[in-house]
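Please find the structures below.
You will see two complexes here that share chain A, one where it goes with chain B and one where it goes with chain C.
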Partner chain A sequence: MSTEARVAEKSSEQEVRWYDTEFEVLSGKAEDRVEKLLHAHRAESYRRFIEGGIPTSKNEEWKYTDIRELETRSLRLAAENGLSQVDEDTLVTTSLSARRGESAPLDGAILLHTIDGYLSDGLTKIQEELPEGIELASLRLSQDGLQRAFVEELVGEYFGKGKTEENDPIVDLQTALFSDVLCLRVKKGAQIDQPILLEHVSTGLEEDTVTLPRVLCVVEEGASCTVIERFRSLSSAPGCTLSVTECFVKDDGNLNHYQLGEEGEEHLRISRISAHQGKRAQAKMHSYSFGGRLVRNEVQPTLAGEEGFAGMYGISVLHNQQHVDNHTVLDHAVPHCESDERYKGIYDGNSRGVFCGTIIVRPDAQKTNAIQNNAAILLSDRASIRTKPQLKIWADDVKCTHGATVGQLDENQLFYLRSRGIGRRAAQGLLLRAFAGEVTQEVGIPGLRTYLEERIVEKLSL
Partner chain B sequence: MLQIKELQARIEEKEILKGFDLDIQPGEVHAIMGVNGSGKSTLANVLGGREEYEVTGGSVSFLGKDLLDMDPEERAREGLFLAFQYPVELPGVLISYFLRTAYNAKREHAGEKPLPVREFNALINEKAKLLELNPELLKRSVNEGFSGGEKKRNEIFQMALLEPKLCILDETDSGLDIDALQVVSHGVNTLKKEDPSRSFLVITHYQRLLNYVVPDYVHVMIDGKIVKSGGKELALELEEKGYGSFQPAA
Partner chain C sequence: MPTWERWCLQWGYMSSDTETLENFTEQEYKYGFTVDIEADELPAGLNEEIIRALSAKKDEPEFMTEWRLRAYRKWLEMESPEWAFIEHEPIDYQALKYYSAPKQKPQLESLDQVDPKLLETYEKLGIPLEEQKRLAGVAVDAVFDSVSIATTYKEELSKAGVIFCSISEAVKEHPELVKKYLGSVVPYTDNYFATLNSAVFSDGTFVYVPKGVKCPLELSTYFRINAQNTGQFERTLIIADEGSSVSYLEGCTAPMRDENQLHAAVVELVALKDAQIKYSTIQNWYPGDKDGKGGIYNFVTKRGMAEENAKISWTQVETGSAITWKYPSCILKGDNSVGEFYSVAITNNCQQADTGTKMVHIGKNTKSTIISKGISAGVAQNSYRGLVKVLRGAENARNFSQCDSMLMGDKCGAHTFPYIEVDNPTAQVEHEATTSKIGEDQLFYCNQRGISTEDAIGMIVHGFCKEVLNELPMEFALEARQLLAISLEGSVG
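Let's look at the complex of A and B:
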């Protein structure tokens, strides 16, 4: 049955959903080879998506995070007009590469913005000043020439290849509807010391809009780089962000990826980061959640080359009604790899945390060494955390450990600090920073680490 | 310095302090001796401001202010220091950062500006030398993995840094070998010499510590109150006769 026929059939049964309408609008846009290639992906993803629709809590992977509102709300895709209405110079001054007091969290970063999911024109200027060994281009901004050829090459080779074997309805939905993608490649052997900072800005110019940032990141053999994706909102409008970042780290490559959720507290965001790793490739993926109403960080590394290392580190600091779900799937596909996973949460008010960590060890993946740890501190008796480790181990000579703890701040420790003259709130801040320390110590950029530590304390008004 | 009158306190439903009186003047060293369960540690905890203990009667005046009305942090900033019987481990909290936060909280309370990091580091190195504390310890998390002796030494070190007016030592001698005991006592005596108006309340089960930290007054505590007071010779008498001779009639 053709897609169009399915849509028609669906609409006769029930009302047409927002995504059906948006998909139809996008279908007519395939012009050149890249667009045609992407459209094939879109059509295929859309076809898969509408078979199941938005997952409900009956889907085991979505048991604790209810996103049915994506089905029922009258949403629409954010228009491109945010690009002309937002002044990029103003954005720069509030970015992480701007100075705060004496220094910037990310001094000298290569700064890029997506505005409602579209790469902003600032990219054009940055392209002229890029360090040796790095290529950057966007689908929307590259109309022809070398950049278009680069986008075509990356899309052709890598697009949609980052997913694990199971299809995910939200990734399918994102793929069906996105319209811009940032392509990034670090060439063989290049060591890029400047962090690449990608600030995803939701303008909220209109309510109930969906933004769909998409990134394709290739770190070639022996190359290394740091990518920071920061999500933020310019208004308190209840928007949605569905983002997909596919990373490929080739043999001996090294990637540090950060996602920082600092969007408005009415925002819904689901982000998928995948990393496909070659031999001896190292990837560390960090997820920090401060903002948002309903957030899901999905991190999915695949260790596909021997002696690779995957690190996953996350901190959630929540209050009020916030809900954050850290959902990881780590795939040990080959022998002799190591992984280290540490997630910590601090929950105040009525907030809810979810941690679901799957570790797959394939039959071939002997001598795997995997560590998973999840710890939570509940600051209020109305806050909650659900933790679900899932170990699927098919190899027999492996070392896998996992642990989860939930607790409160220790009154003895608090009293000890207070008895030395440190006020109650400052003492709480000190203990929570220490609690987060096992995760924040993995942040390799001192300015960024300080920023994140301060955000933890600031968020809880300590 | 410190006036305790008719102090009564309980934890959960259990009455522990049953009308405790004590008067400490500037520069005096008082020792409180008693068996386990006599209420010695409850006294230290109530004076420190631990919230699990409920004060049901009496008053405590510290430098003319109502001590019981203050939060634990206020008491510390006003000049009271409680050396813990069991110092708490704070994994991930670096000693240097912890000390600087405490030190500057006190300065702020006194209307002074925080001490810059470099000057503060010079100060703690100086104090560490004074107390023969291994400077390597300063790079570690507070009390984490410390031996019993190191923990107690760290308590005295904090005391030296925060320059309190009244120091309460809650069974600081428990679990110390003779060498550690001497180091800790040396620290206390150094602080005493440094400021002759500084007062000490030494809570202990044994007379041993009092050979090194010589008290002006010794009080015997039984069942939540003082049953006998005297000079330093009272400690020796206790050591000889035991607490039995002081047991009040049932």
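Let's look at the complex of A and C:
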């Protein structure tokens, strides 16, 4: 059957999905110039999305992660009223920058919240205290002239430009329906030491709601900053999060991006982080997955300027029925760039870990040096792993390697530790901490590193 | 020129100043010629009538005809696979002829009875049957187009109880074995090309090694495509009964032509308890000219089933064909079974190769090794695609994979698509892949010691592929080195 025939058959079903209804509602809302601009993006993405619909496992990119439930469940967009029903002060005290005893993992961070995908009103207060060199605004909250102009400028110049060659149906769906955009710009040469902590909170006030946070982050020439996105939920109600973060790191810029998945274990999340890098730009992207039932972290850096560096690091620690898919596409588009990719997984219970990492080296990207490594440890006989590291290379003068291993803790090492009086669990903990160490050592903030190491051990109840 | 002499020349043991770099790159397909032999053909096209006619021509029993028809009906429902990293014009299956046999004298017992024109062809190919017979002690079952012409050493083999014949013969003479094992590893529903093959397979080789017998000879078959527009659908079935062992060699060349030829072969290996099968291939079919015109489309399904303590080893050197789509696989069903895959795939000019292996670990303590070397030159695309699957019950499964790619020239591509699926925590799976080019420093080192650039490249490439070439039987190792030299040297300037 041809594609057209399939589309025809699909449309003839006449079945209205949740996203159709939501798109209808959103269509009426475009008011000012920014909204109109965004609406053009929405309409275009929606049109593309409808052609293919929710991908099935026949789609090679979705072979190991089944998200057909996005089509069949009766979902709806989370309403804005979550904002009024959540007390922001309580959120602050449970965030990573709040003081927990002596020191918080991210003490002194610039703290922002999205609640069910909408930037919370706390932003207004933060905007007044921002350090020199940062601009922050949200689509929903920016009503005055200056901020609106900033949003318009960023959206006009960057929105939707972070995607790689192929259109992704989930990104298209997110673009068609997203609720709010956080616009962030670090100005030329500004060195921002304070990490920017963005906590994405799903309230779960109602079941089966979809939250769609979106971030546009521009690091200008020579500037540097750290952005931490943490996903969490306030209740165990099953919900969905589809998030898209587009980063642009200009020449000599430096970005450290973290995504921490700590949502409830009934949650479904698909996050896309893209980074478009200029000359000598550095981007390090970290993905830590602890929570969620079905999680997919997509990280897609594009090295578009010479002498750039992209680092991707991730750890998934899973148990029960959890499923985490780390899906990366690294695009070496120009010569003389380097990349380093390290993903590790520790899988217990019935969990499944997926790693799919693609490295593309374009025809002219000579002198590329790309390293990719993926290692997994299975702790239970019901856990499973699917790994698909890929190299697509069109240039000859390159060094590309990838390695993948699957195994278990070395009995000899365990025996060595136990013969020295260390209990089995403690010994396992030590070895797993060492296993994770190759990735966690890349975390530049000591407080955050300690926090993550503790989370790993805690999650494994060792 | 005798084989060894050509080989010496290409490897610089007898230096020849006239053979410059350009000569190598522009080397036309050596084995490109067609021989004018009258052929017995069925009209072009594919339908149930053709299949019945084909089956009737081959004088097949009823069960075979039915099997073919079942496959054909299944094939009609299937779609041509599109996932491989290759591009080609759609194939018009109705334009192909599905049966073409050289007019043959009924029974041939010695080489004297073979059509002298055919023998001449083999001489040109550098594989004279007499020489093979005398020198190597190799039994040669030469498949010319679709029907076996001559089988040598048959008597010696039959003394050991080994059945080595064409599959059409086996269908008639050993129907119980064929019925039991044909389609047991690659069912007729397996995939588009295997299903097509099941419906229309013309001929192929059948080997049965009885219990406890170590096959006294290396078995080899030379495939050759000759008549215009004839897709060649080989079917090979090798059965190694308990405790037996066999080594099978397969090498191919094909005449030059303009239209693309389809080749969809199926090879099934059955290694019963404690048996060992070693299957080696050198494939040097017409790859098309420098602009990618012509060339063989090679869509092959090869799979082996290993029972308890059995071992299956695939070795392949793929230098020809416009398109290579081939994944020799091992189903490690029995406990302690072993699967191996050694491959060198070379693509030059416009060639495309998407090749690799599948190792499916089902039994306990199963082991597999994958060594794949891909070399890409010109504007060719070379992909490794492999699957290592460890099922829940496969305790202590062990896999090691290594996929190295070498790029020559800045317009070619080398791609790696390994899939690893593990459902058992005691499994140890390792995968490594590297991509590199021949270093300037390596060339410089050789040059300053008086080794010419092309010789240096030859040495480096040979070194790069050595792990695989070492796995080949002696006779093939020689031919393989020769092929490497022809296919590659001079691709880098």
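Worth pointing out:
To be clear about the criterion, the second predicted complex is superposed on the first by the 449 of 462 C-alpha atoms of A that agree within 3 Å, B and C clash if a C-alpha of one lies under 4 Å from a C-alpha of the other, contacts with A are read in each partner's own complex, and residues count from 1 in each chain.
Here is the rule we go by: a contact is a pair of C-beta atoms (placed from the backbone, for glycine too) under 8 Å apart; a residue touches a chain by one contact, two chains touch by 3 or more.
Treat the numbers as computed from the prediction; the structure is a model and nothing was measured.
In the superposition on chain A, contact of A:166 is made with neither chain B nor chain C.
When chain B and chain C are set side by side, the one touching more residues of chain A is C. Legend: residue contacts after superposition of the two complexes on their common chain; A:388 is shown touching chain C, with no touch to chain B. In the overlay built on the shared chain, the residue A:431 is in contact with chain B alone; chain C does not reach it. Using the contact criterion defined above for the overlaid structures, shared-chain residue A:379 touches chain C, although it does not reach chain B. Contacts of A:406 after superposition: chain C is touched, whereas chain B is not reached. By the document's definition of touching, of the two partners only chain B reaches A:421; chain C does not.
Touching chain A in their complex are the following residues of chain B: 48-51, 71-73, 75-77, 82, 84, 87-88, 90-93, 97-98, 101-102, 105-106, 109, 141, 158, 162. Against chain C, the residues of chain A that register as touching in their complex are 60, 363-364, 366, 376, 378-381, 383-408. By the touch rule above, chain C contacts chain A in their complex via residues 83, 390, 392, 405, 407-437. The residues of chain A lying in touch with chain B in their complex are 410-413, 415-424, 426-427, 430-431, 433-435, 437-438.
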